[in-house]
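Presented below are the structures under discussion, each in the form of structure tokens.
The following pair of complexes shares a single chain, chain A, combined with chain B in the former and chain C in the latter.
Right, the complex of A and B next:
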């Protein structure tokens, strides 16, 4: 290992690994990825991993998610089987009065090319017979799917390594300095230098910002998930709230709590999650739970990704967001464009860090 | 022992797969678990814990007593969803649909 790199990426979750992989494709840059732990120890190892598009609003955000979903089949051809399945997505509603809202959502998303059907009860049950007959209807889109996050991150890293990128695990970054246009990155294992620096620290990104003297407007939001024992195929689609993995287990959950970095599971939320499972799929009442887990989302204050240059620090970049599983192929592609060409094929204006200064958040 | 010897019966993971994860940089049981699924199955690592700890210890030359087990997860034993669901009324769980349909410009669901 040398000490001098073109690019150092801090964080080896799905975002940092995707950026390293996409950057490594051209084999033009010396890349080092540093992680304080092992890659899946952060949020990317404790996620539902839907590649979810159709309910993402406003529509420009849905559009970004759609572009990313469209990249998955190509990604899989390049890095290997990440168990990406375009299952189609169903988001059920239980009140007839919600149909109006569903139609409005479909209309809005159609403007950017996202196809949504609004289904009535019979149509939903025809697609997904295990769903509860008490539902009123659902929005449905073919574009949604899910992926195996463990395979995804592992294969991003393996492909990046094949292209020459280097990784340093169990190596926390303790300090960052900038002088003469070069970053000096002090870690537990030694000092590294970089021309370009990318912060991709997930829920720890705020702490990395402090090392650079900037305040990154993100908060931590816990989510708790139930995992069942492997079951015979019960659901075919990704359903807003749950999915069935290749090995038969069903992952269920959709909760949000602001409790800081606390990855415990709590009985109350798990009971509510079990209730949701049964409300959606009555058959699940008889299924066994194997384990529960929780993960910490990193949520920018306005909810949208923070992507691109860090204002006032030349050659420092940030990539921090919720829905990083859905967005990782697109984020890796756009960051590569930005770092190698200085501009991106999709306008990043809405995602830039400096939007927060403009509206004084 | 033969490299193809199964260590985790639930997920059918053998010694070779565990060693590959360690070669990739995995240090702890949990690192290995996420890469290989070893210990994620219905028995929740009750069978493979000491076996994996021994492999890590041999590979890293650390005493067995320094190798921790994997993180225990609620509910520890197989539990029916119906038993947990009870008949609660209120809920902390959000609906993906109602989130997307609420206000333009405010939602982002998983």
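Right, the complex of A and C next:
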């Protein structure tokens, strides 16, 4: 391992490893990815891993998610089977009064090419008979699905390594300095130099920003998830709040809490989550729960990805967002364009870091 | 439900802690996930020596009854078939009986979840007939069932070798003891000598390549120094040792440390057996794999500390009592060939006192004192 790299990516979650992989495809850059722990020990390994598009609003955000979902089949051909399944997504609503909102959503998303159907009760139950008959209807889209996050991140990393990218795990970054156009990255395992630096530390990116003297406007959000015992096929679609994995386990999670980096689960939330699950799928009342876990997710203050250059620090970039699983193929592609060509095929203006400063002015 | 003290686990550590605590007048609730109390003692038919001085030498099964009977006149409530499944945000413990989840408010908690056997994975390891060595012991001593006829034992710690001896008495033919290391794990000379005398084959530098069979294990392929051998086997016992059960400590956000001599990852605790989670104490094998003497004494230690912190025992008496219990623990662990365990325990406690800015204890010099 040399110490000098063209690009150092900090964070080897789904975003960091996707960027490393896409960037490595051209084999033009010496790339190093540094992670404080091991891939999948943080956010990317504690998610339901939806590739979710249809009710992401405003519509430009839905559009980005759609482009990314469209990339998944091509990605699989390149890096291998990540168990991406386009199951179709159902987001039920329980009150007839929500139908108006659903129709407005469908209309808005249609403008950017996202096809949404607003279903009545019978139509939903025809698609997903196990859902509760108390629902009033649902929005439905074919584009939604899910993926196996463990295979996804592992295959990103394997493919990147095949292309020559290097990885350093269990290696926290202690300090970052910028001088003479080079970044000096001091880690537990030694010092590395980079021409370009990408912060992709998910919820931990805030701390990385502090090393560079910048405040990164992100929050940590805990999501608690229940895993059932393996059940006979019960649901086919990805449903707002839950999905059934290949081995029959149903993953359920609706919660969002701001409790910092605390990764515990609490019975208050778990019991609420279970109640909500039974409201959706009454059959689940008879299922045993085998496990609960929680993940710390990152949430930018305005909810949208922060992607692109870091203002006032040349050659420093950031890629931090909620929905990293959905967006990773697209983010990897766009960041590669940005780093190698200086411009992107999709305008990133809305996602720029300095939008937060503009708000303050 | 409310109680002064909640003990999670009704094995020897939990029962002894319950006795000590309730003797001081503390209202105590024990939850136990099994259908009866006693923990691993329930299948330990061997005679246990090196017990704390208030216990006579006795069989494990008898000791279980002794411990349970001692509680009969005290203010101890027991919930069998109840499992701790989580905590609420306000610190209450959620205990489930499989139908309902009961929130329990406890002023103090002692967690005595013990240890679980480690598995060893090879193709075919899920076939019926492949089990842990502890499971074979339960079948023989508790259920009176012969677990198989032709057995292989994977792992050579003292416990595995003791069961191999018992296999012989039960008419199970042991076709080999398989050890991946180049020497036996157990250093118990008496047992090793007797195993060798019985002519049981020892395969060092060996491992199981796979187990096969229709519906149950029938054949095992052994790799011995690179040479493979197929054997007709209907019982494979995995004896890879035990490790502390940690989930309740994880749920309660306790800090952990790694001490290989104590069984790997263990919660950090103080000289009072208090963990880093407020009001939560630890005892028994969960606090480090040890002998029955160590299990019982740590239970008593935790209970003395709980009694002190709840005002049932004054500081002076509690400190004296702890000192004498630690001395006894030192002597028991030292004479039971567990000197390294005791030293690892003291190192863990010392580190934790320094890290957490707790008072240093004169007890740290114990390991230097001879018994």
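FYI, the second predicted complex is superposed on the first by the 360 of 361 C-alpha atoms of A that agree within 3 Å, B and C clash if a C-alpha of one lies under 4 Å from a C-alpha of the other, contacts with A are read in each partner's own complex, and residues count from 1 in each chain.
By definition in this document, a residue touches a chain if its C-beta (ideal position, glycine included) is under 8 Å from a C-beta of that chain, and two chains touch if they have at least 3 such contacts.
Computed from a prediction, not measured in an experiment: that's the story for all the values here.
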Message: After the overlay on chain A, what do you see for chain B versus chain C, clash or fit?
response: clash
Query: Now for A:304: first (chain B), second (chain C), both, or neither, which partner does it touch?
result: first
Query: In the superposed arrangement, which partner chain does A:45 touch: chain B (first), chain C (second), both, or neither?
result: first
- prompt: When the two structures are overlaid on chain A, which partner does A:265 contact: first (chain B), second (chain C), both, or neither?
  reply: both
Field: Superposed model, chain A: greater residue contact from chain B or chain C
entry: B
Query: Which partner does A:198 contact after superposing on A: first (chain B), second (chain C), both, neither?
result: neither
Field: Which of chain B and chain C A:8 touches, first, second, both or neither
entry: neither
Message: Under the stated touch criterion, which partner chain does A:292 make contact with: chain B (first), chain C (second), both, or neither?
response: both
- prompt: In the superposed arrangement, does A:277 touch chain B (first), chain C (second), both or neither?
  reply: first
- request: Quick one: from 1-9, 19-27, 37-45 or 91-99, give me the piece of chain B that collides with chain C in the overlay.
  value: 1-9
Message: Based on the A-chain superposition described above, do chain B and chain C contact any of the same residues on chain A, and if so which?
response: 265, 267-268, 270-271, 292
- request: Under the touch definition given earlier, write down the residues of chain B that touch chain A in their complex.
  value: 24-28, 30-31, 34-35, 37, 40-42, 44, 73-75, 78-82, 84-86, 88, 90-101, 104-110
- request: Report the residues of chain A in contact with chain B in the complex, numbered from low to high.
  value: 37-38, 40-41, 45, 47-48, 50, 52, 55-58, 61, 91-93, 98, 101-102, 104-105, 108, 138-139, 150, 154, 157, 167, 169-170, 223, 226, 228-230, 240-241, 247, 253-257, 265, 267-278, 284-293, 303-304, 322-323
Touching residues (chain side chain A, partner chain C) in the complex: 262, 264-268, 270-271, 292
Query: Which part of chain C faces chain A closely enough to touch in the complex?
result: 85-89, 94, 101, 103, 250-251, 253
